[in-house]
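Following this line, the structures themselves.
What follows is chain A paired twice: with chain B in the first complex and chain C in the second.
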Partner chain A sequence: MTELEAGRAETLAPVRGSAALHRYRDVLIALIAFAVLASLPLFTGSKALLDFVIRCSAYGLFASSLNLLVGYTGLTSFGHGMFFGLGAYSFGLIMQKLGLPIPVAFVATLVITAIIAAVIGAICVRLKEIYFAFVTLAFQMLIHSTILSWASFTGGDQGLRGGIPRPAFFGINLANHVHLYIASCALLILGLLAMRQIAQSPFGYTLRMIRDNAARASFLGIDVWRAKLTVFVLAALFASMGGMVMALFVSGAYPEFAYWTISGEAIFINMLGGVSTFLGPMVGTVLLLLLNDTVTRFTEYHGIVLGVVILFFALGLRKGLLDFVTEWFSHRRDAGEGR
Partner chain B sequence: MLEIRNLAKSFGGVKATNDVTLDFPDGSLTAVIGPNGAGKSTFFNLITGALRPDSGQVLLDGVDLAGRSPPEIVRHGIGRAFQVASIFKSLTVQETMLAAVSADQRSSAVLHKRFPLPETRDRAEHVMELLGLAGKRNRTAATLSHGDQKLLDIALALVLEPKVLLLDEPTAGMGPEERWRMIDKVRELWETQKITVVFIEHDMDIVFKIAPKIVVLCYGRILATGTPDEIRNNNAVIEAYLGTEHAGAAA
Partner chain C sequence: MTRPRRPGISRRSTLALMGAGAMSVAAPWVARAQAKTIKIGMPTILSGRVAQLGTSSRNAVMLEVDKVNAAGGLAGRQIEMVVRDSKGQPQEAARVARELVNTDGCELLLDGEASSGSFAVHEVARDLGVLCIHTCSEASSLTADPKQHIPNAFRCVRQGIHDSIVGGSYAAAISKAKGLKKWATCSPDYAYGRDTTGEFTLYLKRFAPDVEVISESWPKLFQPDYTEVVTKILQAKPQALYSCLWGGDLTSYIDQANIYAMFSQMEVFAVNMADYTALTVVKNLPKGIHSGNRYIKTFPTTPENAAWGDAYKAKYNEYPTNWSWQNATAVMFLAEAAKKANSTDGKKIAEVLKGLTIKCPFGADGTVTMRGDDHTLVGYAIGWGTTIPQEPYVPEVKAGDWKTIFELEAEWKKSKGYT
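And then the complex of A and B:
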């Protein structure tokens, strides 16, 4: 080995190790987070708290999946909520009409979502910025009106009533509140871990390149259209997972799950938490749900209060909360090194 | 060998590229010059697939690439850098290089492994060293100086190990000293990498000094091709180009 080769080997080894190390670190963080969440019922009997975490799981999966599009790929979808609604309805209908085991219905819903997302995505991802945003919104409204008008199948504006059957599987009984809670947490953590892997994979960096400069990416041999379609479908799958958690939680599905406001909420969440970090949308989810719950308790004009908060983040900080915190820390670290 | 055969492209009634036929032998270094609007950038855009030619052929080692998409053409071995540095502003220099190698090794859609892939490292490292960017590997591209951004753009093209490298004004927007540093770099790359290099340049001093072969474009047509001496003494060129606005530069 020449001196040059030796030098290079030295610089290579740590990087090779660190990629693997980062993955183990993420898994470790996920395990700890799951352990903390899963042990919560041991310390508190508060049903409200557990309910809050379940709702955070549903919305967190949904909002984080939108961040794959907005934050990582630069695709601002105004209709991402359609896949949340689609997940809730597909899962609810499969359980009500076919009575399949829950894991089978879960996978079947993901397959249905993937197919529909591939068709819608194939049409949408060719479009640029504002056109993409509005055509996704149009598809959302299409799905919403289909749900409303196909009343014999979907229950129309009443939603899927009569509850979703939740037969036990592998000793897990989702009709039991604590079981449902643990299952939601598990889905959240697994979903986040999978999305984190996507974001940190070579494909994740392809997405970043497309966000920064799609034309240049194509001059590197990247098929931009295919990459955008792939992430569109992947993000839809996680949104659909969020919808299923929601359907299990409320034991039903309602047209509001597929209405455009649900997409709006996901965008709000991303603005609140920030899109430059992976966990930004998760922080945003907790913030928005906390705000929602507390503000509605004090005033019926909660829309005004939420609007002011959004304006504060958008105009005041010009970024999400987690963006702000990470920037503050890196400034402090730089200042510390400078001394 | 890159052979251009009867390449043509019109925008409305304007013939931006008009029946251009040229050969670029393997390992050659060629400068493309011409007054503003001569169709130099259009010529590059036609070769690289950014524009679809109306007619004609772009043959690389006998394979016709005319009208194919940019990713396809890149994969056949024609890389390019841009007049305005075209980079990924939020990625670091190192990430940019690693991601580009991933794209070239067709692993840019890999989901189950972590970035960066170990097999991309050597090539990325090599090109960063080659262009003197290794010391700035952890800098975000947006924070680089103008000159370094142009180098990064060239590095992006080079890291794909192209057979032909097209450089659209590598010295655009640079001061006199920086220009010479950049062009020395280009010449060094050409000498060490043994690739075919074609570059567009406005500075006549630079062109006449370093390019063994020059192509003069004017109104989409080839006005002249030849060595610097032949070009300097070509009456048509003097008439159309050097004799008028660039008299000072030619003197």
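And then the complex of A and C:
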């Protein structure tokens, strides 16, 4: 070992230690967040609040998974909603037609999503920027049209009717509102934790490198296509989880879940919350749903209000809320240190 | 001199907090005990492409609710409507419906959703057990399919299958009289368009077996340009054309087909033409288009119906729509059922609603019935007539025969495996 290498080893050790600490810190934060969310029904009888958190889980998983593509890999997908719809439909159809136990249907849906995402991804991730965006959009429209025209199987534009059966498993009865709420929170926290692990892993850093300079990553021996495909499939899985939570919430699946507007909503959420922090999309989700729910209570011209908010974020802040806040804090800290 | 403020919570604020706590715990009971008003929730589509669906529904509901309130309310309680926009998204419709019941304290629901949204609200009604009357969804399966059946949901809407039976028999009679054997169809490419067209041709061929469909066109929903569809139909040279395009699609189709003088070359049967939203928007309404009635104040030809149409026009400065009469009828049903049950309890009202017949300006014989076995509206005015370019637009409407409708509907249900 040369002197230089020895010195480097010394500095590496604490870094590794702090990485482990970071990892445990994430788990700890997740546990605390889950404990807080799960104990919420003890303090409030408000069903609307529980409904709100369930919807946040569905959209939060969906929007955060899009951030894996947009924020971490630089792949702006306009068709991410297809996996949200796919999750909802696969899960609903398996439950209605086969009547399998919920965990089996859950896993089966993830498997189906992974296969379809791998096929679609293999075609899409070869393309860059606007071409990638539009081919994903085209696939989304293909899936949406399939749902509409295969009416004997999917129910066409009327959706999956008759409710999704929810047999109890391991003492969990998802037909019960509180059980559904806790299950949704658990899925959200587990999903976020898993996505955080992906983002912080060496693979996650490979993705950032691809985002910043794909050619350089390629010269360093990284198989860019494979890395992009992997993250495309992983992101699809979490979007599919979000779709399943939504299907359970509305007890059905509707073609609107696979329409381009739902992808647009996810992009909007990412813009609101910010894409340079991991929790940005989650903040965006809470913001959008709060805005939506309060504004629609008072006016049917909610489009104007949301439009003004977008303008404020795009022209005023020029970034998402969480990005803005973290930047503001670091500026303040720097100023405090006299830099 | 200022007194230093002690840390912690002062006695005064403790008392205030306790008071507020007690109030918030007691508030629901106090409110309920004093609840003279009953809240009725209504998720509907108030924004986007079909916003007219929601606004004309809300208008009609308010018109009738004002009458009920003036007459003493629903079993003595004044009605307060809470109408909220779902944007036509099923997940929003489900959320809004749940919020209306769980947060806003609505005791009854009027579901002004179309298509998928109505099925989403139906699931909410199944989950929460709240009385729900669907007022806009024409999808037959909503009540015909026994899997959908729940004791607390009713449908106060016309149905695709009823329209097809009446339309098929009307068109068959004209076919026979005029020798129209070669038919073309042109309908929007989604479930409603495909189902309704299929059912119409089924009954047309049943009443006139020598009819042949030689051309089918399926333009996309909300398609702006119909040139290729129009030329395709003209090339096929049919003697008659059936279409279930509606709203803006129908009016742009007619405007564009007018350029090719299509309406002088064949008999046109457009089931959704006789609705003021279409009749008043078309630039040059051709004479002689056959149409089913949606809402038209000249049919049924009773003073009650005409008076209702005029009252609506006077209040909102536009004519009512098909959805208007359906929503108005739902409020009439609620008022009558609450009076009979002498209660506003959803379960009691539901019991009375089953099989209830009420006087109604939109009834074929002055009454309409909420059929008991599948909780759906029957006996409403249904018929076909031909258009003229100015008011009253459809001067004479030939009424459909409900006896035939019932027979063929039962047969249809059996063929679908619903009975």
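Quick note on the criterion: the second predicted complex is superposed on the first by the 328 of 339 C-alpha atoms of A that agree within 3 Å, B and C clash if a C-alpha of one lies under 4 Å from a C-alpha of the other, contacts with A are read in each partner's own complex, and residues count from 1 in each chain.
Rule of thumb we're sticking to: a contact is a pair of C-beta atoms (placed from the backbone, for glycine too) under 8 Å apart; a residue touches a chain by one contact, two chains touch by 3 or more.
None of the values given here were measured: they were computed from a predicted structure.
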Touching partner for A:219 - first (chain B), second (chain C), both, neither: first
First, second, both or neither for A:204, with chain B first and chain C second: first
First, second, both or neither for A:48, with chain B first and chain C second: second
Which of chain B and chain C A:167 touches, first, second, both or neither: neither
Touched partner set for A:307, first chain B, second chain C, both or neither: neither
Partner chain(s) touched by A:103 [first = chain B, second = chain C, both, neither]: neither
Partner chain in contact with A:250 - chain B first, chain C second, else both or neither: second
Residues of chain A contacting chain B in one complex and chain C in the other: none
Chain B contact footprint on chain A (complex, rising order): 8, 11-12, 15-16, 19-20, 22-23, 197-198, 200-206, 208-209, 211-213, 215-223, 226-227, 230
Chain C contact footprint on chain A (complex, rising order): 46-48, 51, 55, 148-149, 151, 156-159, 161-163, 246, 249-252, 254-257, 293, 296-297, 300-303
List of chain B residues in touch with chain A within their complex: 48, 50, 69-71, 74-75, 79-80, 82, 86-91, 95, 98-100, 102-104, 107-118, 121-122, 125, 156-157, 160
Partner chain A, residues of chain C touching it in the complex: 46-47, 51, 54, 84-85, 87, 89-92, 94-96, 98-99, 102-103, 115-116, 119-120, 122-123, 126-127, 139, 141, 145, 147-148, 189-192, 194
